[in-house]
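Okay, so subunit A shows up in both of these, paired with subunit B first and subunit C after.
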Partner chain A sequence: MLAFAILSAFAVAPLAPWLHRRAPAASSWLLALLPLMVTGYFLTLLPAAADGAVVVRYPWVPGLGIELSFLVDGLSLLFALLISAIGAFILIYSGGYLAGQPALGRLQLLLLLFMGSMLGLVMADNLVTLFVFWELTSITSYLLIGFDHEKGENRRAALQGLLVTAGGGLALLAGLVLMGMAGGSYSLSVLLGEGEALRAHALYLPMLLLILVGAFTKSAQVPFHFWLPNAMAAPTPVSAYLHSATMVKAGVYLLARLSPALGETPEWTALLTFVGGLTALTGAVLAVRATDLKRILAYSTVMSLGTLVLLIGIGSETALAAALLFLLAHSLYKGALFLVAGIVDHQTGSRDVTGLRGLRWTMPLTALFAGLAALSLAGVPPLFGFAAKEMVLETALGTGLTVTLTVVISAALTVVAAGLVGVRPFIGEPSPTPKAPREGPWGMLLGPAVLAGGGLLIGLLPVPLIDALLGAALSAVQGRPAVLTTALWHGINPTLALSAAALLAGIAGYRYWNPLRRSLGALDRLAALAPERFYERAMDGLVWLADRQTRLLQNGDLHRYILTVIFTLLVLVGYTLATRHPLMPEISAQLLFHEAVIGAVILIAAVFAATTRSALGAVAALGAAGFGIALIYVLFSAPDLGMTQVLVETLTVVLLVLVLYRLPGFTRISSRARLLADAGVSALAGATITWLLLLAVEVEWSPTISGFFVDNSQSLAHGRNIVNVILVDFRALDTLGEITVLALAALGVYAMVRLRGKER
Partner chain B sequence: MEPLLALVIGGLYAAALFMMLRRSIVKLVIGLMLLSNAANLLIFTAAGLTRGVPPLVPEGLTRPDGLSADPLPQALVLTAIVISFGVLAFAVVLIHRAYEAVGTDDLRRLRDTDT
Partner chain C sequence: MGSMILRTAAGFLLPLLLLFSLFLMLRGHDEPGGGFIAGLVAAGGFAFYTFAFDTRHTRRLLRVDTRSLLGVGLVMAVLSGVPAAFFGQPFFASQWFRFTLPPFGEVTVSTPLLFDIGVYLVVVGVITTIVLTLADPEH
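Up next is the complex of A and B:
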């Protein structure tokens, strides 16, 4: 049942385009039923998960120890519920966003595929399963960023997102394999109990670093943060869903999930707090610099992801509780704000905060939901965002001055960003927009209403369900039972003072946004150090390298190809022979006079073929060598080979003579130096083959396969010629393949001959 | 006989590779034929040579009386001989057609011709 709930999205997704064609208006509402049902199912699992982790296993690749197993505990349920519940509203919203457009079916398909992948990722118990779903989310994200694929810019952004996250995914895979090796199991539920052993293991640091690269790329941490703002090329419901509420939190999920196994070491704390803090500051500053609604939100998301990583890095009970509160609050208000930005964009045709004013008259409901979500983002009571921010500040105060400063500065800048996105476009005198603004349709307003309203509701009233969910999640992250409440009021204390200070500073920043923006512009000089430049240079370098090596290796010159093959043979075979075997083999074999004569004839014919100027002479020499070889087959007990060789050699000579009759004779076109060099290389290759063969004939081998054929040829296949029996009976399928090759060659020859006839 | 055959096969390989390194497409094909002959002989020799006892089951017995030559390499080489003939027939007609269309048998000039 659990696997069915998680994987149902994959089953329903292919039906979406069909459903959309049949019922364009209703399809989004119908499809949203699936995530709603999944949400309901997950809610029923909560009591069991609150008591402890439940693991459900299905065999997948038993030979490799890979199973499709799911881990249900508070943390995975928290994420799963966010994914499925927000997914339902996103699907409904998409129906309004792309109403009447044929591409909607494709969007629904991809959104459902993504939802399935993301659910699989957060519920996976086996590390390999987790990785597979992790990469699936990267791929669906790629397809969704490049959804409007006719714009080159979008395709570039999609590729950038894919390369950064999938590249990090490779590091993650290596890290997970190391962890599996060190812990002796690929099951998360087992590994989580082996924290002591893992942290003491010699591979701890490499394992940690690799996993962190995976988590940091996915969750857009500095220096990999640049792909996330560019991913805003995606349609807005996608930005709200993947690039704010769910997928970018996969890295955070992984860190939270693994903190009982890998956390609470100096390396863990130092790396996570440093990178997280830096990311929070970078995101907050860049958010205030931006003027595009979606980019402001994207950078603000980067700030939030940084804060989450910072909190998980600190790792105390307060910090982890703060992280969970902040995560839930962020998903609610940021999802709502993205959807609002989408409505504004959809209804006015503009996303530029400098040009959008006074929309409250024309879009009152949008303005209401935007205001609620923005207040939550800014951390104003009585909204849920306030409770979350209080917890974050409390953690920071308990940790140290640097962390406190980081958190307060980014909180203040976040207030500015909240004002820019949720307040500024709606107040003041209306200004002209590309499209006359109108209130958005119901389907599009539903999502922001629920998400922003949820933020208000959880802030105002204690919701037992949310408390139970967060408590179960905290127990899972900590590895021991814990209780968590979303209580708003913590009393008058230093935290409240800091909170108020950040809010006031933020309001001042919003009031003087233009000067603030200009002064932050001084930081643009750091742009030369921006990681995106390194990405671009690396990509250019890759293209350059591909170009150079293609020119070098695939230059179209057959001469050079053959030389490459010969030198590879010389180096590999020559090196192996020289280092692993005696230089001179023992030569002891009797030599009969007539055999020596045949050998000499073949040798002379080969040399003559290679050196003669006459084409006919070369063909004749080829024939002589071929008949010589036929004689050797006959002398050494292979009459069938001799017969075949004689027939084939005769046909070859006849065919060559017939064709050569129409071709020009040989002329010397290569220079003398080239001839000598080629002769030297060829002689060297020939000598290597001779050496190889002299050593090879000395090797003892066990003829078990041959023995089977010899023993059973008569009794099983009723044939006395064993070679013949092998070909037409024991290995008859191979011979059938051979006949097919010959038939194809004959068809080709026939076609080419006929083609010429028609041209004439 | 093995040392002599090793020498002969080395000579065949050298001659074949030298011909394949030439610019004439006809030499390339002849070189290819020599190369496949050399490879067949290489497999045949490496598997061990036996004089005068072909792998046949005499009348009235269920298996050869005493030692006989190994049938397996023979079956492999037999297949290879036939396949290489198919390749040759195709290649010969192909270069003939190419010559008619392009008017040269120089590989260096063939590579840029878009006919």
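Up next is the complex of A and C:
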């Protein structure tokens, strides 16, 4: 049931385009039923998860310890509920955002695929399962950023996001494998109890660094933060969902998840607090510098992600509680603000805060939800954002001066950003926009209404459900039972004073935004451009390297290719044979008459193929040699091999003839000396392979493998033809790999021939 | 390119070869044969047909784009591994279903058969794609 709930999105996703064609207007509402049902199901799991982790396992590759297994505890449920609940509103919203456009079906498909991947990521128990879903979110994110794929700029942004996050994913894989080796298990639920052993392990530091690279790239931490603002090329519902509420929090999720196993060491605390704090400041400064609604929100998201990493790095109970509160509050208000920005963009045709004014007259509901969400972002009571910010400030005060300064400065700058996005466009005198502004359709207003309203509701009233959820999540992160409330009022204390100071400073900053923006411009080069320029340099370097090594290794001279291949083979095989099997094999074969005849035919054909001056003759001779070999297979009772050989030879001749048909006539271009050298190389290669084969016949193979196939082919796989049983059952995965290569080869031939055809 | 004799022969041989390839594929689990060999036989038939007539005829006969055979085949092969998950077994563990279908008596369906059909389609797709592309690069 659990696996079904998590994977259902993958099953429904392919139906989305079809459903959209049948019922364009209703499809989004219908599809949103799925995440709503999934949300309901996850809610029923809450009591069980609050009592402790539930693990569900399905074997996958048991030989390697890989399984499809899911872990349900407070933390994974908190994320899963955010993903499914916000997902439902995002689907409804995108129905309004792309109303009447045929591309909507594709968007729904990708959103559902992403939702399934993200649910799998946060619920995964096995490290390999987690990694697979982690990479799936990177790929769906790539497809969604490049959704409007006809713009080169969008494609570039999509590729940048993919390279940064999937590159980090590779580091993560290495880190997870190290952790699995060190902890003796690939199961998170086991590893979380192995914290002592993991932290004391010799591989702790490499493991930690690799996992952090994975988490930091995904969660856009400095110096990898530059991909996130560029990802705003995606349609707005995608930005709200992936690049604010869920996917970018995957790194934060991983850190929170692993903190009982890897956390609370000096390295962990130092790295996370430093990078997180730096990211929070960078994001806050850049948010105030930007003028595009979505970019302001993107940088403000970077700031929030930095704060979350900082809090997890501090790792005390208050800090972790603050992180969870802040995470929930952020998903609500930032999701709402992104959706509002989308409505403004959709209804006015502009996202430039310098040109948008006075929209409250024409879009009153949008203005209301924007205001609510912005107040929550700014941390104004009685909204939920205030409670979250109080907790963050309390943690910072308990940690030290640097952290306090970082948090207060970024909080003040966040107030400015909140004003720019949620207040400025709606007040003042209306200014002209590309499209005459109108209130958004209610499908688009529903999401911001629920998210912004949720922020108000949780702030005003104690919601037992939310308290229970956050408490369970905190217990999971800490590894011991804990209670957490969303209570707004903590009393009059230094925290409140800091909060008020940040708010006042922020309001002043908003009032004097233009001078502030200009004075912060000096930081631009340092904060925004340096890492991105490094990325571009690295990309250019990669292309340069590919270019050089292609010129060197693939210069188009077939003669050289073959020599390279043969020499590599000779050196590797010859070296191994000479060092490990220095003896000459004994030749003790008895040759029957018909075998000798076949051998002679093959030899004559081979000599003819090497010496003839007719290309067609050479092809035919090669074919004859191949048929001879097929006959040998048949004689030694391998009918499957024989049949395959005959068919492959036939088709090879057909293909070669087709190719020869397009080639110029046969000419000798090699000099006599070169021909002799080639003959020498060929003879050497032939001798080496003969030597290898003779030795291979002598070696006694482990009898269990072929014996196993012979014994079990009938009983386990219900087949008498062992060759086929091995191909389609025992080693089906190998066969799958082989046919994938075949398919790629065919596409390669197609692409190459087609491209040449176009060039002419 | 073909002569009258070749064309007439191709018209008769192609259906026979395709039938033979199906026979080879279905019996492959117990007797020499299997999806790979069967795919080669079928593809050989189409290659022969292309020589006798031309690529236009072969394409019309195939109806589908040969490249989509690659995709369909690969998807079938991957999907054949999935049913095992529903029975709590590792991916690609073969599953066998026996049931009685009135006119034929007892019938057995299995995931390796689905896999083998996938292999068959990929092999046919690979060879026909290459043959048709090389024979008619401008298409």
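By definition in this document, the second predicted complex is superposed on the first by the 553 of 760 C-alpha atoms of A that agree within 3 Å, B and C clash if a C-alpha of one lies under 4 Å from a C-alpha of the other, contacts with A are read in each partner's own complex, and residues count from 1 in each chain.
Following the convention adopted for this analysis, contacts are C-beta pairs under 8 Å (C-beta built on N, C-alpha and C of every residue); 3 or more make two chains touch, one makes a residue touch a chain.
Please read these numbers as outputs of a predicted model, since none were measured by experiment.
Student: So, does A:615 touch the first partner subunit B, the second partner subunit C, both, or neither?
Tutor: first
Student: So, does A:659 touch the first partner subunit B, the second partner subunit C, both, or neither?
Tutor: After superposing on A, A:659 lies in contact with both subunit B and subunit C.
Student: What is the contact status of A:62 with respect to subunit B (first) and subunit C (second): first, second, both, or neither?
Tutor: second
Student: Tell me the contact category for A:673 with respect to subunit B and subunit C: first, second, both or neither.
Tutor: Touch status of A:673: no partner.
Student: Who does A:749 touch here: subunit B (first), subunit C (second), both, or neither?
Tutor: In the superposition, A:749 touches subunit B and subunit C alike.
Student: Decide which partner touches more residues of subunit A, taking subunit B and subunit C as the two options.
Tutor: B
Student: Would you check which partner chain A:566 touches, where first means subunit B only, second means subunit C only, and both and neither mean what they say?
Tutor: In the superposition, A:566 contacts subunit B only.
Student: Under the stated touch criterion, which partner chain does A:733 make contact with: subunit B (first), subunit C (second), both, or neither?
Tutor: After superposing on A, A:733 lies in contact with subunit C but is clear of subunit B.
Student: Counting only touches as set out at the top, which of subunit B and subunit C does A:522 meet: first, second, both, neither?
Tutor: The answer is neither, since A:522 touches no partner chain.
Student: According to the stated criteria, A:639 is in contact with first (subunit B), second (subunit C), both, or neither; which is it?
Tutor: So A:639 meets both subunit B and subunit C here.
Student: Where on subunit A do the contacts with subunit B and the contacts with subunit C coincide?
Tutor: 639-640, 644, 648, 651, 655, 659, 662, 719-721, 723, 727, 735, 742, 745-746, 749, 753, 756
Student: For the complex, give me every residue of subunit B touching subunit A.
Tutor: 1-24, 26-31, 33-34, 37-38, 40-42, 44-46, 48-59, 61-64, 68-72, 74-75, 77-79, 81-90, 92-97, 99-100, 105-108, 111-112
Student: Contact residues on subunit A for subunit C in the complex?
Tutor: 58-62, 68, 639-640, 643-644, 647-648, 650-651, 654-655, 658-659, 662, 717-721, 723-725, 727-729, 732-733, 735-736, 739-740, 742-743, 745-747, 749-750, 753-754, 756-757
Student: Could you list, by residue number, the parts of subunit C that touch subunit A in their complex?
Tutor: Answer in residue numbers: 28-37, 40-41, 43-44, 47, 51, 67, 70-71, 73-74, 77-78, 80-81, 85, 88-92, 94, 96, 108, 110, 112, 115-116, 118-119, 122-123, 125-127, 129-131, 133-135, 137-138.
Student: Under the touch definition given earlier, write down the residues of subunit A that touch subunit B in their complex.
Tutor: Counting only subunit A, the residues touching subunit B are 556-559, 562-563, 566, 587, 589-592, 595-596, 599, 602-603, 606-607, 609-610, 615, 618-619, 622, 625-626, 629, 632-633, 635-641, 644-645, 648, 651-652, 655-656, 659-660, 662-664, 666-667, 669-670, 678-679, 681-683, 685-691, 693-694, 696-697, 703, 705-706, 709-711, 713-715, 719-723, 726-727, 731, 734-735, 738, 741-742, 745-746, 748-749, 752-753, 755-756.
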